[in-house]
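Chains here go by letter, A, B, C and D, matching the order in which they are written, and residues are numbered from 1 within each.
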Amino acid sequence: MVRIKVEKPKVHKSVALHIKAITTAFKEAISPGTITIHYPRERRKLPDNFRGLLQLDKEKCINCFRCAHICPANAIQMYQRENKYYPGIDYTKCILCHFCVDSCPTAALKPSKIHDVAFASLSTMVLPPEELAGEPEMWREDTVTVEYDFDGDLKMIKRKEVENLIVEVEKPKRPEFVAGAAFPENCIACRICVNSCPQNAITFKLQDLQTMVLEIDFEKCTGCMVCIRNCPTQTLLPFRREEVLKGGESDEQG
Amino acid sequence: MEEISIEVPVEPPKEYEWYFIPVPKKFVEEAYRKDEFVVFVGPQHPGSGHMRIILRLKGDFITDVIPDPGYVHRSMEKLAEYKTYIQNIPLVERPSIMDFGNYNLGYVRAIEEALEIEVPERAKYIRTILAELSRIGTHLYDAGILAVFLGHTTGFMYPFAVREFIVEMITRITGTRITGSFIVPGGVRRDVDNDTLQKIKRMTYALENRLKKFEKIFITNPTTIARLKDVGVLSKEEAIKLGVVGPFLRACGVEYDVRKVEPYEAYDEIDWEMVVGEDGDGYTRFLVRVNEVSQSINMLRQLVDNIPEGDVISEDIVAFDRKDIRGSFFEAYGDLVLPKGEYTSITEASRGSLLFTIVSDGESTTPYRLRIVTPSWLYLKGFMESLKGERLADLQAIYGSWGYFPPEADR
Amino acid sequence: MNKVDVKLWKIPIPEKPPECRFDWTKERPERVERCKYFGNLKAVVIDKGICSHCGTCYICPVRGIVVEDKPIDFPNWRKDCIDCGACIRVCPRYDYTPLNGLGEYIEAVAGKSKRFKGQDGAMVSEFMAGALEMGIIDVALFVARDEEFKPYVVHITDPDQLKDERITGTKYSFASVMPELHDSIKHVRAVGIIGTPCMISGLRKLQKVVPLYKQKVKLAIGLFCTENFYHWQLKEFLEGRGIDLRKAVKTDIKKGNFIVTYDTGEEFSIPVKEMEEIVPDGCKVCQDFSAVEADASVGSVGSKKGFSSVLIRSETAKEIFEYLKEKDYIEVGEVKIDVIKRLCDYKVKIHPYPKG
Amino acid sequence: MVDVSGIVSGIVEKIFAALTANMVNIPILEPLINKLLQIPLVNLVVAFILWKPAFVILFVPGLLAVTVVLLIMIWWERKLTARIQWRVGPKEVSRRTGGIIQTLADGMRYMFQEVIIHRDAHKLYFLQLPILSFIPVLLPILLIPAGTIYAIRSPYAIQIAVALTALLPIFILGIGWSANNRFAFIGTVREAFLYVAYEIPLMIAVLSMVLLYKSGDPFVIVEKQWIPGIFMNPIAFIAFLIGMVMAAGRLPFDISEADQEIAFGPFVEYSGIIFGLVMGIAYEKLYLLSLIAAILFFGGWSGPEIAFLGELSYAIWLFLKAFVLMGFIVMVRAIYGRYRLDQALKFGWSSLLTFSLIGFFISAGWVIWLG
């Protein structure tokens, strides 16, 4: 245990402390340990996992709504585009927690290193999905990238390079899922799954007036699980894609 | 000195009737009759956040004090009832954003207690590193605010400059400067690579080096000692009676630290000492925190050296990659429901014991009730008590020595 | 509690995976009218005045059917109805043959709870508490009341919650038990419900159509029922007679009289015959007094004061009853089966079907 | 008929003669001045500007020098403090010169800011006093000579200058009273307390030096400094230095302003350019005291003569010495926090007074020893 007990310093000690403080100041005045980065002209090197503004790759987006559901600040709204839904971000609300990025199963939402953006007005801070792709219109004055390193003291490594603010993100490691009818007997033929599927992977056709056939195309299914969440009677459940395919093969063999 | 008073009936002026004063009119009138000043300090305080202190001064001495907190109340507990358990993580670290590691940890530990999740060893170490980094950050922040209150500008700039090192390391771990939201039930969001860990260790040496200069120019500066020594003294008995917590309780001579009493995470696996003061005055309160910073530095080195290899996300959590939650966050936490009951965690945050209580109804994905008892709120009473009998000029020194943080107290 | 239960997103891997291109077929009911299915339901059930307001049709996947304190309706159904036919498939009155009589039962006993205070013997609470304790169900849906005797549904997960007298006790107004069941069916493991005979019929039909409900609804307790009221109508009627429901602590129907008891102990009694005007049309065709299809039927008729008559109809109910006896939670008494029988016959007499 | 034009031109000629008799001699500007003196009326203006008493007030060490001190010293203070504090300091306004015109830019901002006069203030005094406070700043300047440029020569010049400088706090008290605000009152009372605590040791230190030189005449003082006064009586210098820091309200003794405690005390209600003026008071006082210190302890204007500047070179030397001294004093801001009022009073009445008295005895010793 560390015990702290301080006596009031005596006069000679006090003078010594005065001199210590003054000499420290003089030393610093002569050789300062300045840590300033001249920001618009120099830029701090940021780690790759930096939580900056979000980027959306519309090609990869499977319209699963996960980002909108998890957002703690309600900043993500889904916009309808060509019969599908894509996330758009309201930066007046966004707190850059990147729960959405961590939720995205296909790395369609990506982080970037952009953290310094000015908006003209509040209404322009609401970005629809189209404006989420690529670097925003930027004036970059920086020519030097500064990296902090430590070597007994702070070491500022200055490099004459312009950092790329867009980060390449790999697809997260996760098995692929498909929706399958686990309990077909529960189906009440409401066709909500058909209407909600963003990939149009579930189709239905009337065999005759009374009988309806629903069909899932596993090739098209991206495993977004929208149908599973929407199904009122738990008819559908997610299956691992490899299991499904293996099962199909074994069936053929059998 | 004998007080001489003239028995003349003094009536308060008529204007008092239409002044808006947030204290009883009687208080003001009594002060007027006794020839005392009523001084409102705040709420637009140049130091930290917003709080009003209503003082009654006899000459330069404070005779009575009424705190008026709540200017930055954000109804955090009520907001939490409308968010799912996982969405509350960014919310609960907001009371004291510099101290996010401990706040985040406290809340997540309450959830883990409810779900009985076993956290992997490596995740425990990373969490402890984060908690200690934010502890150093908060103590430095408070030291800077104290220096501002004493009018010492260099004393303000040095800790804030050094805090930049901490923030740099937090950025490398979590990807953001403050408000990391990095600790999640069952582990942490991402693994920390070896490079960063080694950098943390190197950073501690740089930190120590810079803090030596800070010590010479501010901590042992005779003006600092003169302003803080024997000022705002709180005795051991009073401190216990008033429910003071954290380093401020230890400064009064009480040996209590949650990290020692009920060790959590990796605190019992490393070697560190509790810092205890004796006098209970402003300078001891400051020095205890200064020494805690060096203890934390010591801890960080040990944590980096002893960190085990392995997963960072628990087996009990649905995660497809046990090193990185990316891609499975929604499956793991999207529909988290706690079993019915009441779960409490107590954490040693930078400024003292932090208590989270979650009441769950066992059905919904949102907490039925979330109770946050923050250290600043707990020691507000002790803070007010230590002001009485001191000079007006000491108000800021005592304020700074307590490190009172209104957003944390108001929640 | 089991750790696994809290993870709803745990991916279940069925024993046999589905086929590559999976398809499943579904029979759809025939139409009577040439319009959307809700139009059929409206024409056949609601407009004919045989709807019992049981709320089973709330299964509607777009949640368009409104089950409130008024006759069941689907505002703007011509546009919003997605024409799936779920409502008519689960409606117990769509293809209606009235059930009547005592039905099949294993045992007829009377009981009195030692733990709870309810309408008479508080046997309903006792059954549910027993099921919760035995782990047969996780949640029981009970009907609680507010100050004005307006019913609302509560989830009971702990027998101690039943100590509240606002949860036990009869309300004599339509409660939305079935809507609540539909809303929470995906989130519960096993559930028990309490309902009037029409709700039990609806549940049984629903279980036939959607096996999910068979899998999850483990216990259904029926109540002896003569008629039920819309809350607002009942309140207005009683106000017309100078009775304020806010002061009431208990309502009851005994020997053809509707009895309201005040907190002061004052009692008001109105003959049920005078209440004929506010009895909903759907109740006027119902002949099922003793909830023939329930797991157990409970009511006050046929036993001593302070006891409830119980007709145990299924093995589950039998088990629970044995458990209760074993734990000494209840006092067992005699039941006069012919009294119940007489009332069953009486109900058939006053409620003829087809009408008129 | 009286020849009016004759009388007027006669008077003008007499004034012109009186002015040109006592003119500042600057060799480098000689051709220009001579040319300007040929033009009627302009020659009067030029002669007046170069008339020594007017030159003292207007240029060195008067208004122009004060403005330069305000503009450059505040920038220098910020830059030096920033260096000590691991920062960069003002930079973005004129980046190539290191932000040297930052203070000017701030001054411009103050100029265009609204001056708010609150309801409870004594409006007349509230606005008057900051402007009137230039009187005790400019009056001592008449008595402080810069080489041969001087306005009034008196054997009591130093004493009178110090006494006039000591008037400044009176204006601050007036400002605090007219602001009619609790914080202003507290600040005013603090200023009044401190006033006596530092002014006495400061004056004793000055008197000890006057005793040492046996005259209050700056010319005599400069003449007598065969080595700088600081080496003759370092104790008096330390007393004077600390007294100066306290008098100028610099840290660690800016107790009457104390922005964290009482929000700039007496100046709490000011805004706009008036705020700029009141914030300048402290620097002006510091400048005056530095001039006196330069004369008393650093040999005044003595230094190698710069030929082409002529008489101006003395003024430049004096100004530079004062400026360097100020440059060191502003650095104290980066080293210390603020003392409490009672601690400062205790220090002033005990240590500082003792120091100044010791200084006085040392001077007395010198006088006895040297005869």
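The rule we apply is simple: a contact is a pair of C-beta atoms (placed from the backbone, for glycine too) under 8 Å apart; a residue touches a chain by one contact, two chains touch by 3 or more.
All values derive from a computational prediction rather than experimental measurement.
Central chain assignment: B. Criterion: smallest distance from chain C-alpha mean to the mean of all protein C-alpha atoms. By the count of C-beta pairs in contact, the leading chain pair is A-B. Distances between chain centres, each the mean of the C-alpha atoms, put C farthest from chain D. Rounded to whole angstrom, the centroid-to-centroid distance between chain A and chain B, based on C-alpha atoms, equals 29 Å. Mean C-alpha position of chain A lies 47 Å from that of chain C.
In terms of their C-alpha centroids, the spacing between chain C and chain D amounts to 95 Å. Listed for chain A are residues 21, 25, 28, 33, 35, each touching two or more other chains. Contact of a single residue of chain D with at least two other chains is seen at positions 84-87, 334-336. Within chain C, residues 11 each touch two or more of the remaining chains.
Chains that are in contact with each other form these pairs: A-B, A-C, A-D, B-C, B-D. Here chain C touches chain A in the complex through residues 11-14, 16-30, 59, 61-62, 82, 84-86, 89, 182, 185-186, 209-212, going by the rule given at the top. Those residues of chain B whose C-beta lies close enough to touch chain D in the complex are 37, 39, 46-47, 60, 147-155, 157-158, 161, 217-218, 221, 223-224, 226-227, 391-396.
Chain C meets chain B in the complex at residues 1, 3, 5-11, 139, 155, 157-158, 184, 187.
Per the touch definition, chain B reaches chain C in the complex via residues 115-117, 316, 318, 330-332, 334-340, 362-363. Residues of chain D that touch chain A in their complex: 80, 83-88, 331, 334-336.
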